[in-house]
Amino acid sequence: MQVALFITCFNDTLFPNTGKAVVSIVERLGHQVIFPEEQTCCGQMHFNTGYQAEAMPLIRRFVEIFSQYEAIVSPSASCVGMVRDMYRFAAEVHHDTKLANEVALLAERVYEFSEFIVNRLGIQDVGAYYPHRVTYHPTCHSLRGIKVGDAPEQLLRAVRGIDYVPLTQSNECCGFGGTFAVKNADTSMAMLGDKIRHILDTRAEVCVAADNSCLMHIGGALHRQRSGVRIAHLAEILAAQE
Amino acid sequence: MKKPESVIIELAPRFEVGAKAAVQNTQLRRNMGKATQTIRGKRAGVVDELADWESLRVAGQHIKDDVMQHLDTYLIQLEATVTQSGGHVHWAKDAHEANEIVTRLIKATGSTEIIKVKSLTTDEIRLNEALELAGITAIETDLAELIIQLAHEKSSHILVPAIHKNRSEIRALFQKSMNLPDLTDEPKELAAAARQFLRDKFMSVRVATSGANFAIAETGSVCVVESEGNGRMCLTMPEVLITVMGIEKILPRWQDLGVFMQLLPRSSTGERMNPYTSIWTGVHADDGPQEFHLVLLDNGRSDVLADAVGRQTLHCIRCSACINVCPVYERTGGHAYGSVYPGPIGAILTPQLVGTAHADSLPYASSLCGACYDVCPVRINIPEVLVHLRGKVVAEKQTQPQSWFDGENLGMKAMATTFAHRTTYELAQHAGQLAQWPFVHDGYIENGPGPLGKWTAMRDFPAIPAQSFRDWWRERQRDE
Amino acid sequence: MLAKIRTAINTGDRGDFHEAHTSAPYITNDDGNVAVRIELFAHRVAEYKAWVGHCTAAGIAQAVAERLVIRGKKRMVIPSDLPDSWLSPGVEYIRDSQLDRTVIAGMDGVLSGAALGIAQTGTIVLDGGRFQGRRMISLLPDYHLCIIRAQDIVGVVPEAFAQLATTMQIPMQPYTFISGPSATSDIELNRVEGVHGPRTLDVFIVE
């Protein structure tokens, strides 16, 4: 299968290793990765912050670039949610039925990375080896937004050598929320404080998630506290081999 | 839709300002954390028990969709059925009109005192204050409302207005205001003190006001859901009953209660059924009040109805599940929302009732985590409405000349232009990689410049790696 | 006001963009076993910290007498149509015929029948009909002894509303749904029994 990688502007710039990991896993599983180089940003930050007029060209641009591919995979649950759920809504707000139809066709071919592996390819064991203590934070967009279910946990549990520890109150938001983290910094930090406490309680070496944006928030506090706990995108764990 | 004189928003600071003070109050955070954790667990337990919960939610959503689609028809039908049953129906387009009607009706009875069942709608229109000006004392009979009234505070939750107070704080309040020095902080004893305190009032006051959880167009029946029995008292003991109800509370058919009386109790107090539900229809010979008035209140609701995305907000049955599950509310408490409607429902309802211009920080009082949408018994897509309202806030802001100097606006516009072409985007990536070097230590930025400083004030920011993914990809393609 | 509402209905229509959600219809009746249903009702009522007992139709007076002795209740208000065969000696029963509210409030308790029971939620429904009387008499006294016939217990909430619709009269009766004794969750969101309604609820299921 040909898989078009939707890297997201955020991962492209700040977390290139996540993209590399996705490429290596998908290729390891025998599929071909294509990277449409015209892609930039899906418009999520603009749209969710209220800059909808500014987001619209980005949305149209995305649809144009990606509509030709059979399967579109992204290592960001929130950007997948943007395309799958908010694009429809954006089309509605702008009374654009043509766009709405295009989005409807595109949306069902867009997958978050873990759900692509587990649900579309039907694979749990990707042949990874990672001998470390790991905990997993289900981000809001993966859990409640696009509902990836326990796909990430299934993948993690199949990793050889891993010491997987579940997180208490894992379903609670870490407090990132895009521009929320800055606009409501105090509340955001209060939420993050509780999340960090639960992560430290697991004594994990690494905290894993399906969104690097939330991980950047979590990791930012872990680093400031000099906690020694690292963050890693799920794909980076799964890419690791003996 | 500008209503600067609106009765909903108090002179409250912006959400983030109120929130900042609240998150620093550790007692408040402990009270809130404990209370919300308890109620979340209870709700989840009784919801999981029902195999058809999702079907009930969809049914609830459909019934409410239908109500909004034919609201005019159902209101006319309700007026007819209530009138046939001996009740009187009044129409109030705003808070002012509603307060005038209620004041006039009470004055006509000659009574200067009324008993009240907890009602958000009457809080919304600030009925108590209007009555006070007219020389009428309103006595709140719900335990939490009583606590709030005695403490001269504002409600912080739609169902449990005193959620921010713990038992020892309540005890201290009752000891003082009810003159009961020996009172302990046993909840049972506190409740008994309230029973004693209000009994005389129930026996003697001749007029009561209430809100309504539901009103049935088909039969003219009005329904009040409660726990303590103060509702039954107010609905049964007085001679005159005045109910103020938002126009959206209507249900078409009697059988619809079969859906909503499952959705509401399980979502609100996490019980299979609340202790008491009263349903009455007009006046009943020899039983209960012999004069009944129903005030139908608009107060901004038709504006909400006119907004295609916002309309679903009117489906709300005020169960408070979204509030109890909200991680933001859990940290800030209710007062930060500056409205009688706090939490996620408040963040979408208040700006719509008063106009986004008057509550422009509320649509941002959410991390869009979606927990509210998951629990909402009528499936209101709260994150979607929040994003929609943010769009309105920004669009309004951009019509103002100040927006030309607004950093966020300029930054967002600049970024949108950058993202519009691959070339500008890639240029910006490289520029960022270069410009950051003075700030990077050990792979992180701990004290960033400009807007980044807002982030690094609280936590570190990862340095931009020297090679972007796309540069790596190109290199790899070349090498192959 | 109506004109404004009508305009709003049209402007705010979501048209083609409205997401249609379908799902299986919700459960409208429980076709389970009768004994199980009655057992569930008893169990659920008891979970609200009410006391639940069983008796036969012929044994009501006996059961009531025993219960009132245990509770120490001597003066009970009863609806005007309550059958004499339910009453036991040794207790003063006062029939409600527009009794003064202070008299009712001064009684030890109330003895009444019920219109319906809902097993799923442990709810008793009063409709002011047969053996139930005015709303006031089941509200003011601090103790409520309620007698419900097993055949009046339905399974789920929608069944109760369907059933009530069949017995509805014009003018309509007032309905009171009672699920356990009066309670509040207002202090730290914990349910505590006993505020303004009867603080003690005893229920007999008549089979």
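By written order: A, B and C. Residues from 1 in each chain.
Just so it is clear, a residue touches a chain if its C-beta (ideal position, glycine included) is under 8 Å from a C-beta of that chain, and two chains touch if they have at least 3 such contacts.
Just so we're clear, the structure is a prediction, and the values are computed from it rather than from any experiment.
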> Is the number of contacting C-beta pairs greater for B-C or for A-B?
Replying inline: B-C
>> So, comparing each chain's Cα centre against the centre of all protein Cα atoms, which one is closest?
In response: B
> Which whole number of Å gives the spacing of the CA centres of chain A and chain C?
Replying inline: 51
> Cα centroid separation between chain A and chain B, in whole Å?
Replying inline: 31
> Residues of chain B that touch two or more other chains: which are they?
Replying inline: 308-309
> Which parts of chain C, given as residue numbers and ranges, touch two or more other chains?
Replying inline: 14, 17
> Can you list the residues of chain A that touch 2 or more other chains?
Replying inline: 92
> What residues of chain B sit close enough to touch chain A in their complex?
Replying inline: 15-16, 19-20, 23-24, 29, 308-309, 327-328, 331-332, 363-371, 373-374, 384, 387-388, 390-395, 398, 412-413, 415-416, 418-422, 425, 429, 432, 444, 446, 451, 454-455, 457-462, 464-465, 467-470, 472-474
> Given the complex with chain B, which residues does chain C contribute to the contact?
Replying inline: 1-2, 4-9, 11-15, 17-18, 21-28, 44, 48, 98, 101-102, 105, 118, 120-123, 128, 134-136, 139, 157-162, 164-165, 168, 171-198
> What part of chain B is in contact with chain C in the complex they form?
Replying inline: 31, 34-35, 38-39, 51-52, 54-56, 58-59, 61-62, 65, 68-72, 75-76, 85-86, 91, 93, 141-144, 147, 160, 162-163, 166-167, 170, 187-188, 190-192, 194-195, 198-199, 202-203, 219-221, 227-230, 232-233, 236-237, 247, 254-255, 257-259, 261-262, 265, 269, 271-282, 284-288, 296, 298, 302-303, 305-311, 379
> Inside the complex, what are the residues of chain A that reach chain C?
Replying inline: 88, 91-92, 97, 100
>> So in the complex, the part of chain A that touches chain B is made up of which residues?
In response: 7, 9, 11-17, 19-20, 23, 35, 37-41, 43, 45-55, 57-58, 61, 86, 89, 92-93, 140-141, 144-145, 171-173, 175-192, 216-217, 219-221, 223-224
